[in-house]
Amino acid sequence: MRSWLNRDALLQAIVLLAVVAGMVWLVGNVQSNLERQNINSGFGFLSERAGFGINQTLIDYTEDDSFGRVVVVGLLNTLLVSVLGIFFATLLGFSLGVARLSRNWLISKIAMVYIEIFRNVPLLLQIMFWYFGVLRNLPSPRQALSIGEAMFVSNRGVVVPWLEAGAGAVWYGVAFAGVLAGGFWLRRRALKMKLNTGQASRVWRPLALLTLALFAVAALLAGVPFTLDVPYLKGFNFRGGLTVIPEFVALLLALSLYTAAFIAEIVRAGINAVDKGQREASAALGLPESLALRLVVIPQALRVIIPPLTSQYLNLTKNSSLAVAIAYPDIVSVLAGTTLSQVGQAVEIIFVTMMIYLSLSLLTSWAMNRYNQRMALVGNAS
Amino acid sequence: MTDPVIRISNMNKWFGTFHVLRDINLQVAAGEKIVICGPSGSGKSTLIRCLNRLEHHQEGHIEVEGVSLDGSMKNLESIRSNVGMVFQQFNLFPHMSVLENCTLAPIWVKQKTKQEAEALARQFLERVRIPDQADKYPGQLSGGQQQRVAIARALCMNPDIMLFDEPTSALDPEMIKEVLDVMVELAEDGMTMLCVTHEMGFARQVADRVIFMDEGEIVEENEPEAFFSNPQNERTKMFLSQVLSH
Amino acid sequence: MSAQTWSPKPARPAPANTVGFVGWARENLFATKLDTALTLLCVTLIVYTLEVVFGWAIIDASFSGEDRKACLKQVQGACWPFIDAKLGQFIYGRYPEMERWRVDWVFAIGALGLVPLLMPKVGWKRANVIFMLGFYPLFCFFMLTGGVFGLTPVDTTDWGGLLVTLVVAITGIVGSLPLGILLALGRRSELPIVRALCVAFIEIFRGVPLITVLFMASVMLPLFLPDGVNFDKLVRCLIGVALFSSAYMAEVVRGGLQAIPKGQYEAAAALGLGYWKTTRLIILPQALKLVIPGIVNTFIGLFKDTTLVLIVGLFDLLGIVQLHFTDSSWATPETHITGYAFAAFVFWVFCFAMSRYSIFMENHLSTDRDKES
């Protein structure tokens, strides 16, 4: 036993030493290489003037802003495309997963064909297909496809009418939040009442009344602070409205369609993992199909679905970095692309990029572990 | 004899092209206890699963408490809530506590309050002798305990008829008795029961009629005394000699 | 008293409308009114899709021609002559035409070694593995780069197309397997420092997108090396890809290690085997066999991910197709779509075949287990 312990300690010491020595060697090389090539080091560049434009910014940004702000702009763009991608992929993926289990043979087969096509073609190819193959091939703004003379689709992207919010719009935001909170409260109250008195209580009618009342109050307080901004063609491009750049459309489309195929398989496996006897037992108790799904099948399926689903969400976020191939200004594109080529500090820039993704990942897996621990507390029958 | 609560006439069922139930005729009176036995694959489970329409028959007629079971019926749920069922594999809901398993259907189907449903559930858990396990999850219980919870769960709906589909087949030998004891008590209280089982002792003790099935049809039915001591049919004799010899 | 004899009633055929095609269709297509409506909707959708796809790929397509003029009809479908003219490029890249037989040999020997390896029934697995992991890589290296045995040297910058796709994918998987096994063992090790290092490596590489690893390999790696030492870009990408996939491979292998019952370790310890012998002789052979489907799935992911090398300036299949869009003698409105359709089809065939193989192995292994138990 003792000799084993000693051997273990020795082995660990050797491994540690080797790793440290390797690190020292690499850092030494980097330093001498940087000196020789006259490249600065450190993160000072983050406060320097960036000097390039970005074609989609969620916060105010001009060429005179710093590289630090570029990081924020890029990160926000990554988050925007990821969050929307997750939303659409989930919607489509759950529909496909349920369709795959449909009693209707044709629906099930159509879902299968979709899944097999989209998950077996590289995502990058799909992104480039949508961007170079479809969106860039659309007519120019002058020949744009028009939907009701208000929405235009051209090779410059999609232009849609937009509500320009003025002062006082915040009251409408408050009203909206109030409706959401009211909805949650009404649902909870309905469930409580159901459990306490056996009586169902109304949810939708009071919610509709609440919505009306809150927005009426907002209108009284602030009037109508919105102006509708309808795009129109002027010269070679559109003015007004909200322009969704084709890079964003292509990336969002490809990410959603690709990830949906994987989510569909996860959903299918999750629902299949719920024993057939569970539905039979619910039916034998007289629960209608819809209640059996809501109270028995879905809660159990979700436990199987959520962990792999989370890792798909993470994959989608990481895959949004393929934006760099079509120059959508995500974090990789603006940082490891444009900024790197201007500043040249590869080590720092790649490090920052990786750290951003790494922290997103670690945060998610931390949350996931918490979830799994909570689920483990609740007994699981075989 | 009172009006039968279950009436099956000339019922036939196929799984695809396989003829599983052949010309079944059976009437069950209120309060009657029926034990169905037979070799595996004889269609006995399928028969009782047709009674709450977990399986659909293709020919003939099934009537439960005066309501005919067919494709066009609207109140399947109300029939099902009057017919309790206990499965071989228990089929408890693993994500709910024992108490929640028992209160689920009373709350959502019978519109009882949580308080009423829980009082009812505790009463039945007491009756199946596991009142102290109410807050555990099914995964934390033994097989015998789980099956007793399943019985309590079915009883919470105050059913008129109970169907048992091989309730002891998945249990270790020492747990069979605790489940059978509960079933005997239930029988003594006058519940109408249809029970698929190979527990011949149970059949002798509580059954009003024993039915022997093979190849999808009812081969023989008789009172237990006559059925065991003097089977009329060679096939029944052979089956009994095999079942009773061990 | 004589007992009655009993003979079962003869089985009757099921009612005609519940069996055969009619029964199947009633059950699966027209069970309810809603199902009927959905079925009709689906049929419409399928007919429309097929019409569009066939119309584009066959009816309105051009099939022969020397340049873009062949693909400028009024209603133009796919421009297949573009693929025909560029096929050599798509497979070999700029690999000199005179030397392409060398690539063919590499493909052929690879296929010859791989097919029996993939079939569970064929024996000689050990010899085959040694051949594929020992001899074959050397063979590929010398054949493709040349410079020995009288073969003309071919610079890796001239490699391209499917050749690069396969080289990156296969080197990635072959390189990541041993590293992944070591990492998986390390992660399950009882030595805290070794375990921590392995966990850190795995989680870092799984936490970042491949593209950042490729950027690191192509931009940062040269800085990490002493002055004067440099690999070419392809090798740098191969290193990046192998490190990246080894992290995923480690998690796959770990799954296999966890599935090995404790009794196996105890039995080996009872026989007096040490850690490395136990691992090498008892645990790994079983664990690796269990995770073959997982390895294949990792490979599918890696195969699709090879396309990312085009972002750092290598020309894999997708990269080379993209590159040839700039050829003005083939500039037509349909060139892009045709090129992407071709590349998508090639990738799809590889990935779909592999995913079927993975499912086949999963079933095969689970029946094996049933037989054993």
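Every chain is named by a letter (A, B and C) in the order it is written, and numbering of its residues begins at 1.
Just so we're on the same page, a contact is a pair of C-beta atoms (placed from the backbone, for glycine too) under 8 Å apart; a residue touches a chain by one contact, two chains touch by 3 or more.
Computed from a prediction, not measured in an experiment: that's the story for all the values here.
Undergrad: Show which chains lie in contact with chain A and also with chain C.
TA: Looking at chain C and chain A together, the chains touching each of them are B.
Undergrad: For the chain pairs A-B and B-C, which is connected through the larger number of C-beta pairs in contact?
TA: It is A-B, judged by the count of C-beta pairs in contact.
Undergrad: Give, as an integer number of Å, the spacing between the C-alpha centres of chain C and chain A.
TA: About 26 Å separates the centre of chain A from that of chain C.
Undergrad: Between chain B and chain C, what distance separates the C-alpha centroids? Give it in angstrom.
TA: That gives a centre separation of 52 Å.
Undergrad: Counting only Cα atoms for the centres, state how far chain A is from chain B in Å.
TA: Result: the chain centres lie 50 Å from each other.
Undergrad: Chain C touches which residues of chain A in the complex?
TA: Residue positions touching the partner: 8, 11-12, 15-16, 19, 26, 29-30, 32-34, 36, 103-107, 110, 116-117, 119-126, 128-129, 132-134, 137, 318-319, 321-322, 324-325, 332, 336, 340, 346-347, 350, 353-354, 357-358, 360-362, 365.
Undergrad: In their shared complex, at which residues does chain A touch chain B?
TA: 194-200, 275, 277-278, 280-281, 283-288, 291, 295-296, 299-300, 303, 378-382
Undergrad: Using the touch definition from the top, list the residues of chain C that touch chain B in their complex.
TA: Chain C reaches chain B through residues 1, 3-6, 8-9, 11-15, 18-19, 23.
Undergrad: Which chain B residues qualify as touching chain C in the complex?
TA: Residue positions touching the partner: 12, 14, 16-19, 22-23, 58-59, 214-217, 219, 230-237.
Undergrad: Which residues, counting only chain B, touch chain A once they are in their complex?
TA: Answer in residue numbers: 52, 54, 77-85, 87, 89, 91-95, 104-105, 107-109, 111-116, 136-140, 146, 150, 153-154, 157.
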